[in-house]
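Each of the next two complexes has subunit A plus one other chain: subunit B in the first, subunit C in the second.
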Partner chain A sequence: MTEKDSREDILKELFNIGVGQAAGTLSDIIDKKIVLNVPSVKILDIGPGRRELEKFLSQVASGAVMVSIMSFNHQLQGVVSLIFPAEKMHRFIDLCLHEERTETTMGFTDIDYDTIKEVGNIVLNAIIGELSNMIRIPVTYTLPEVCVLDHARAEHFMSDYEYRLILIIMITFDIEGTEIEGAIVVNMTLKSLEDILNAIDGVFHGR
Partner chain B sequence: MRVMDSILSSVLNNINEGIVIVTSDLKIIHWNPFMEKLTGGKKKEEVIGLTVGKVLPELDKNYFYQAAKQIITDGRPVFFSAAMHRYMVSKHYRVNLNMNRVTGDGQAAILLEFIDVTGQFLRISQLRNYVRQLSLLNKRLKQKEKVIKKLAYYDNLTGVANRALFDKLAEKYLTLAKQSGTMLGLMFVDVNEFKGINDTYGHHVGDQVMTRVASFLTESTRKNDIVCRYGGDEFLVLLPDIQTFEDFQIVSDRLLSDRQSFLIYDGCQVGLSLSIGTSLFPKDGQTIHELIARADSVMYANKKAFRKGKVQ
Partner chain C sequence: MVKILIVDDSKFAQKVTASLIERSLDDVRFDFASDGEEGVNKFRSGHPDFLIVDLLMPKLRGQDLIKKVKEMDRQAKIIVVSADVQTRVEDEVSKMGVLSFINKPLNEEKVKEIADIIRNDVR
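Up next is the complex of A and B:
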């Protein structure tokens, strides 16, 4: 096992703890059992990161995506996006709201956006919270903004200039048997990621 | 500083959203007039000093307390949507809640902003109703379109194809037969003594005879053959994709052997028989018109023979 694999495995364990708590909170709120799982985490340079993200967008979210985006700053700086395939979101939102919409032609309403904003807030809080706790540095951020992108490309979630490395966290939502695969993309400054990797190495080497 | 405090307090009291400030142990220290409106009259004097969960029971939940703790310790903002938390302040208003950490005199407190989105819910509900109505209307229009198409291409009495549909399909199948080198069969069918049936038993029985003949032709021919009421008591049957003469003969023999039947009306037995003439592309003609003319003349000869046989 390479050092890179170990780092990714440690992050995966860490995020699974965070999303497990988020799943508990969501289950309490919607009064239904919801299971969140992080099957893989990848730390990538911009180039491979873009390819990996394009692969996800074409396989899982071919077409439109619904995204919760949030910026964070302080010592840890970056942008985090929670990406869902839009075609599955009407069903997901209906399950969250205990509703069954009869009309299928309507796009997303403000009610739908607010529902995803709350889900995004809980999940992204868990992810950034875990990173923040790991390096023991407080992070400040705003509430997520939600939008729908009709033809999503990796460029929408990455920036060549400010952020040089990305974390791609695959996440699955299971709500009453309906499973949705999403991805969380964390764009961070090199300094921020170095802080995190150093902290992981500390865990790995028992420091 | 005191002037600024006074202005800030006035801003909070005049803002068009519900503002509540609670201490780290969730006791209410500010409750603006808009909150009185949202809660249906809970006044500032009644709620100051009480815990927010007691005043707004919908917030007396574990996840709310966890969120409050997170805000105080880490400053992470929290959002509760009106969609997922239906009656956060009262049954009459739908509100979104933003929660943020604020500090003053070294003390951390939580700012709760309740944003009224009741109008949004009403508008979306109206919009959904419109979409539902439009979709229902669209469904009805499609059904009507189907009925209109049926009326335009199918015989009202018997339900088989009418002349318009026959003309359309006959040309199509003739072209296909020419392209693929197959044969196209045609049958001209006429009800014997139909005028006599109408005169003796009335048009009502005449209609029943037509329906019976249409069913007989449909049941006796192949699935893809076209049965058409050509006019009055005349029917045409189009037999596409005939590979060999034997294929054609099987269908035509079936019709010829079963062409005599009867109908029971008002206790009486009404005799029914058909005269049938056939033609085959390319042997008997190159156009639909020629094929019909050929089948018609064979049918007429058969009818003559039928009459002769009856007289003798």
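Up next is the complex of A and C:
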């Protein structure tokens, strides 16, 4: 294993820890056990990243997707998105609110959007915030946003030409027999990745 | 009667926070604000006994709200409930004289901590 592979391996592990924390917080919100499969973390340049994202969107989320997005800046700069198939979100929101919905509509109410915004805020904070703590680089967040995309494309999750790097974390979890497949996509600058990898070196060499 | 002002831009978080605290404390009355600016105004007009404050909010961040409220009343009792898990943020906010910094989501243990702070202060 080269030094680059080794550092990427550590980075993947840090994201795995963040996803584990996020699953714990989700479990607290819905007050039910969440069975989380080991997430697959890929760190890709913009071209392969776009192809991988398109593959995910066509295979797992071919219908509408519900997306929670936050930007982070300061020393690290990027955008992080939480993507789930919209069809599974009604059940998930009901679990969060501890309510059963009476009407069977495909649309989403203001309360639905608000709930997913808050859940996205907590989950994305767990992932980016824990990474920030581990590597000791602070981040500042923008307000989270939520939207439903009927025909999502990879471009929706790539915010800026300068953000050349894509981290895709595929997650599958099971809540009482309902399996939900989703993805967390982090689009950031190469400099941010370099800073993270350098910080990892520093932390693991005791600097 | 203890008056608690919950300042959070999420109605979901407002509802969860209020209902969990209500289970642990008797004789409480809640008021709500959906951003930092509204929070400052409601603090000024309503004189709540405690504020429960989120950090990442529109119009005025939680940190700025705390600063403004503390300028009005150094003794204002503020508990921060935020999704931000960064230790630096917790350190920064703790130095502003808040009673506690608690990470979302709330659970029974965390709500007990809030209830104990309020109960002990009211005694």
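In this section, the second predicted complex is superposed on the first by the 178 of 207 C-alpha atoms of A that agree within 3 Å, B and C clash if a C-alpha of one lies under 4 Å from a C-alpha of the other, contacts with A are read in each partner's own complex, and residues count from 1 in each chain.
Criterion: a residue touches a chain if its C-beta (ideal position, glycine included) is under 8 Å from a C-beta of that chain, and two chains touch if they have at least 3 such contacts.
Predicted model, so just to flag it, every value in this text is computed and none were measured.
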item	value
Joint occupancy of subunit A by subunit B and subunit C, clash or fit	clash
Which superposed partner A:Asn125 touches (first subunit B, second subunit C, both, neither)	both
First, second, both or neither for A:Lys117, with subunit B first and subunit C second	both
Which superposed partner A:Leu143 touches (first subunit B, second subunit C, both, neither)	both
Partner chain(s) touched by A:Arg101 [first = subunit B, second = subunit C, both, neither]	first
Partner chain in contact with A:Arg51 - subunit B first, subunit C second, else both or neither	neither
Touch count on subunit A, higher of subunit B and subunit C	B
Subunit B versus subunit C as contact partner of A:Lys191, first or second or both or neither	neither
On subunit A, positions contacted by subunit B and by subunit C	25, 28-29, 96-97, 111, 114-115, 117-118, 121, 125, 129, 132, 138-139, 141, 143-144
Subunit B-touching residues of subunit A, taken from the complex the two chains share	25, 28-30, 96-97, 101-103, 105-106, 109-112, 114-115, 117-118, 121, 125, 128-129, 132, 138-144
Subunit C-facing residues of subunit A, complex	21, 25, 28-29, 96-97, 111, 114-115, 117-118, 121-122, 125-126, 129-130, 132-133, 138-139, 141, 143-144
Touching residues on subunit B, where the partner in the complex is subunit A	61-63, 66, 70, 74-85, 96, 98, 117, 120-121, 124, 127-128, 131-132, 135
Subunit C to subunit A touching residues, read off their complex	9-13, 56-58, 83-89, 104-107
